[in-house]
Amino acid sequence: MSIEAEVPHEPGKAREFFRSVTKDVSWIAEAPKPHKLWLLALTVAIAMFGWGLFCIYKLVMTGIGVWGNSNTVCWAWDITNFVWWIGIGHAGTLISAVLYLTRQHWRVSINRSAEAMTIFAVMAAGLFPLLHTGRPWFAWWMIPIPNDMGSMWPQFRSPLMWDVFAVSTYMTTSILFWYMGMVPDLATFRDRCANQGKNIRAAIYGVVSLGWRGSARQWHRYERAYLILAGLATPLVFSVHSVVSFDFATSQLPGWHTTIFPPYFVAGAIFSGFAMVLTLLLPLRYLFNLQHIIKQEHIHAMCRIMLGTGMMVGLAYGSEFFIAWYSGNPFEQFTFVSRAFGPFWWAYFLMVGNNVLIPQFFWFKWVRDNNILIWALCICINIGMWFERFVIIATSLARSFLPSAWSYYHPTRYDVGVFVGTIGMFLMLFLLFFRFLPVVAISEVKGAAPEAHAGGPSKGGHH
Amino acid sequence: MSALTKSLHPDEKIKAGKLGQKMTMAGVGIAVVFLGLSILLGATHGDNWKRFLYAYVTGWSYIASIAIGMLWLVMLHHLTRSRWSTVVRRIAEAMTGAFPLIWLAGLGFILPVALGYKDLYYWAHPDAHNAALNPTIVHKAGWLSPGFFALRYVIYGMVYSGLSWYFASTSRKQDVTGDPALSTQMRVVSGPGMILYGFTTCFLAWDVLMSLAPKWYSTIYGVIYWGSGNIAAFAALGLIVLWIQRNGRLTHSINEEHYHDIGKWMFSFTFFWAYVQFSQFMLQWYGNMPEETNWYKYRMFGEWQWISIAMLACYWAFPFVFLMSRWTKRIVPSLVFFAVWQLVFHWLDMYWNAMPSYDWLVASHGGASIVQGPLAGNIALHHVGFTALDITVWLGLIGVFLAGTGRGLRDNLIPVKDPTLGLSLAHEVM
Amino acid sequence: MSTETHIEEPALPAQGELYGYLAEYDTPGELVEAARKVRDAGYTDFDCYSPFPVHGIDPAMGIKRTILPLVIFGGGFSGALGGLLLQWYCNAHAWTWNISGKPTWSIPANIPIAYECAILLSVFTTFFGMWAFNKLPQVWHPLFRLDRFTRVTDDGFFLGIEARDRRFDADKTKTLLQEAGAIALEPCYYDPDPKTRMMPKWITAFIVASTAFALIPFAIAAKARNSHSAEPHWHIFPDMDFQPKAKSDTANDLFPDGRTNRGEIAGTVARGWLENDDVLYHGLENGQWTTGFPKTHRDGTPFVVDAKLLARGQSRFNIYCTPCHGYDGRGQGMIPERVKALGGVWQARNLVEAPQADGKGGVVIQMPNGQLFNTISNGYNTMQGYAAQIPADDRWAIVSYVRALERAQNASTDDVPADQKGAVQ
């Protein structure tokens, strides 16, 4: 972004720019007919979601036995998918909150869609802990409400209860943050619909935009609140994935019990989340002509972040291995050797290959300029991060302390079906979001552009 | 009303002049006086220099962590093209310039270990290699051996000194040529530099501090050391910047906006330290495995619990609550108070990490009296045992750090031809 | 800056009270300058409107920093406290339950949830506090009556001075706004209908209706709590209440005897329970009480009478036999002692009594090993059988120990080995 560029000073020039930003984003929601490819993608997503719903129906009505989980590998795809989805959600918060706090202005082009991604990913994630209990209709037992069962209360010393609180707080915060950021843009939609005579739409957008009128006194409090929400979301996002890592690390199981887990999970979450952001945005950017808002340099920045977080994940893999040896604990050593060379060796090498080796491509500028290649690499990273969680969960369980209980894990079609279903749900919601809501933070893009300083004492001079 | 970018104030004094020399002289003076005093105290302590060396490891970890933190700031600055930090970058570079001297000073405890001193690191003690008593130490005897240990120490020093030299010298080259390509070059180097830095810092912490209790292990340990060091590094940066301004330099370029950012980083790392420290504690407390909880056992009970409580209250809770406010970071005297406060408690953190390993148990094993090492035996026999030595060694090593930093404070105190300087000068915190 | 200002004629047919003047500026920078001028002129009831937060407008307008952060701090603090209190109440007070030996009130394990509660309440305070301070939602506002104002969310930069400002003067205000470089200026009136200054009716109706609707489940629940029904309750999820299986002690058409329970098939022996070694399990050898010992243990290892076996026998004997027979086997254990203390007369059998010259007494000493084993297993007179408590191997160990005891209790100096006789005498 060229902040030092000549600031336009001709009358009307700046306003022309602001109008163009409004129009570039609003037309997606205003277009009378959706794009054909969008319709096709939505159909596929709904079909996947439908299949997932059927599998969930079978699962709930029959029991966990339809999954491949066993006494030995008692957590498998369910918790793998949960951690994977939650991790994907974290990039949204990182982009909207952490990059905001560190003043990375390039975030404005993608933060809205990344936040939407967070919410949908957390919804998908939340399904799995709920389903894996086997009797999801007792989920209310996790909420501390007075009841008639002899004053039975949740057991708060369990990391699984921490999960409930962390994930639901995260969900709530993400929704409020997303919505609050969207209010000025919903007001833009309101005013545009009113001007175009679409009164019903204008009324709906009018109600959800709460009567926003862009007053400086309102903006002042709004900006403070936004900053504080960002400041709250940042420690929250750290805590959520740390709590998820506590699910494993508080146990004594070799391969689960290691102190690096909290920051390592957070880094991995950001890594996989950025991969998912790009997986979604690269095609949609072409479909909806957003190239001049989501610029190539923004994609560059995301590639660099993936490279960096990929390295952090690699550092954590290395640390784990080293400390497993350093500890002198034979069980730890066995688990790590078994991970890499045991029956799940293929999963381990998929994980290392996709998470540590694949991001190395991002060192090269020609890779960062080739969007099709980036997209393919991001898919690899998504797969690699899924396998990271699978490796942690399945290999540790399959070869734990009791050799007589050792086992292998085979997924069933219901494992696959529920997972595919959540992907379908995620894509469906994201596609709907892209069609009906402001997909780019219009007001933030305007505020971050050089034109936002037009007419002011912008050049040189000391005060 | 503010502008996006500013140029350097015409009256600004950006040349260091004799400032660096002054600091070096002061540093050398402090180092000579206090280290001399420490040697006297250490010799008369009557424990074959053990207390002296423990205090030395504590103080050395302290100054090393500050330089390590600043190296991180420099590389992060390049990686993210930060704006606020351009005006203080030269000073941060000067602080990383202390690496060679710090590593030279570190020989004060590395050389004895390499030459066969056996009372500092228990793994260097012959009794540690009793396979029945310490199977896990025997297991890693190759890694924790004086020779390899010293070799790794040299490698760490070369990595840090090399990185800091590269960034400082390239930055100065830009002062002359004004070539914006140098910024890009530094950015490209920062990527791999950061990875090298990450590995080096983890291993440094595992070697120097964690191996004081050689049977205990924690993967997150290096991250905690780094996070804690960054609190002190930003505090030290704030104080040195203020000192330079009090000496009439950079008075126009650095203002409360930049102090605010320094304060923000201090606050962030105060939080981060609590986060990683809690992660380590909680996982080991919850997992409840004897080889892990042992480390905390001697810190949670007995005399050391008071130090642990002091850390929680003073290193985290108090500064955390007050640094939340915008004003504590913008009003310079208040920022100075918190900077000094955190610098003192960062020392306590290092002390808390190293010193509980000081008391070694000597007990009979298999019929013979054997040194069973740190963190063993009756908790009541483990004393905090503050000595004047602990403080004098620390102050002496701070002198070493200042002497090293002063060397870097020469010529321009601000990267005058950095392309982002204008933005940094005009920086404003919302 | 444009010099000609276009002044709109009142566009609305029916005008109410004047709300104020709205001026439009070309760029954000000009808006900031205008705001500074208006503020310097002493106005307080004015506001700027823009599509994004304009940099530097707060000091230009003289906006004081909001106290919102302080309120949020309070929210977060009470969240943390509330979270801790909740956990204390649930796990340390109302429902104390031992979880892996951790204290019921264990702070480290309570921190994550207290932390999440602190964040949650801070977020709520931020979100709702901000809207409350901003007096939003307010979907009815006189400015929305101006067509021009729809551009405030697009490309419009406006400054509005309200008529209620004490310095407001139609002409002077207009001039001030124009001199500040307005490209358009327009008066804004309230709707003549005073009702429109309040929330539109349909919104009120919607809120009332949805609130009422939301209360329906509670009403149903309240009714259910106070009424009785003979109908079985709904099983939306059967919870394995109705499983296709036969439960014990129920009628069953499948079998001729009409019962679910099936008896054992005659002659069934559980694995490892054949017990076909007569000596080991019954003390019989060729139909007679054996005088020796079994050849093997239950697990097939050879049966050797050695110090280990005697030690085992001693420990079993001390556990099971001493209450009646006493440690020395003379029948004066704790129970006979107690009987004596209560004034009764009863003694257990003296196991070590030597036979008298007339052949009377010494019953146990004269018993074959097999009979002794059988007595331990099945009891004798008031003595119960111990087969259920003591495995056969151990019963034989007791037999061996009793034999040793008999010998020891009747020993003479002749039994002492020659080389140790001196020590005994």
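Should a chain be cited, it is by its letter among A, B and C, assigned in written order, with residues numbered from 1 in that chain.
The criterion applied here is as follows: a residue touches a chain if its C-beta (ideal position, glycine included) is under 8 Å from a C-beta of that chain, and two chains touch if they have at least 3 such contacts.
Given the structure is predicted, the values throughout are model-derived calculations rather than measurements.
K.L.:
Which chain's mean C-alpha position is the greatest distance from subunit B's?
P.N.:
Between subunit B and the rest, the longest centre separation is with C.
K.L.:
Measuring from the mean of all protein Cα atoms shown, which chain centre lies nearest?
P.N.:
Chain nearest the overall C-alpha centroid, as shown: A.
K.L.:
CA centre of subunit A versus CA centre of subunit C: separation in Å?
P.N.:
28
K.L.:
Would you kindly tell me how far, in whole Å, the mean C-alpha position of subunit C lies from that of subunit B?
P.N.:
The computed centroid separation for subunit B versus subunit C comes out at 41 Å.
K.L.:
On a C-alpha centroid basis, what's the spacing between subunit A and subunit B, in Å?
P.N.:
Here subunit A and subunit B have centroids separated by 34 Å.
K.L.:
Note the residues in subunit A that touch 2 or more other chains, in rising order.
P.N.:
Residues 159, 223, 235, 239, 246, 453, 456-458.
K.L.:
At which residue positions does subunit B touch at least two other chains?
P.N.:
Those would be 1-2, 282, 286, 288.
K.L.:
Would you please write down the residue numbers of subunit C that are in contact with two or more other chains?
P.N.:
Expected reply: 32, 55-56, 69, 109.
K.L.:
Provide the residue numbers of subunit A that touch subunit C in the complex, in ascending order.
P.N.:
9, 11-12, 14-16, 18-19, 22, 60, 135, 137, 144, 151-159, 161-162, 165-166, 169, 172-173, 176-177, 180, 184-185, 187-188, 190-192, 194-195, 206-207, 210-225, 228-229, 232, 235-236, 239, 243, 246, 442-444, 446-447, 452-458
K.L.:
So in the complex, which bits of subunit A are touching subunit B?
P.N.:
3-4, 102-104, 159, 223, 227, 235, 238-239, 242, 246, 249-252, 257-263, 304, 307-308, 311-312, 315-316, 318-320, 323, 325-329, 363, 453, 456-463
K.L.:
What residues of subunit B sit close enough to touch subunit C in their complex?
P.N.:
Touching subunit C from subunit B are residues 1-2, 278, 281-282, 285-286, 288, 324-326.
K.L.:
Within their complex, state which residues of subunit B touch subunit A.
P.N.:
Those residues of subunit B that touch subunit A are 1-7, 9, 79-80, 82-84, 135-137, 139-140, 143, 191, 194-195, 198-199, 202, 206, 215, 217-223, 252, 271, 275-276, 279-280, 282-284, 286-289, 291, 422-423, 430.
K.L.:
If we count contacts the way the header does, which residues on subunit C are in touch with subunit B in the complex?
P.N.:
So the residues of subunit C in touch with subunit B come to 32, 36, 55-56, 59-60, 69, 73, 100, 108-109, 111.
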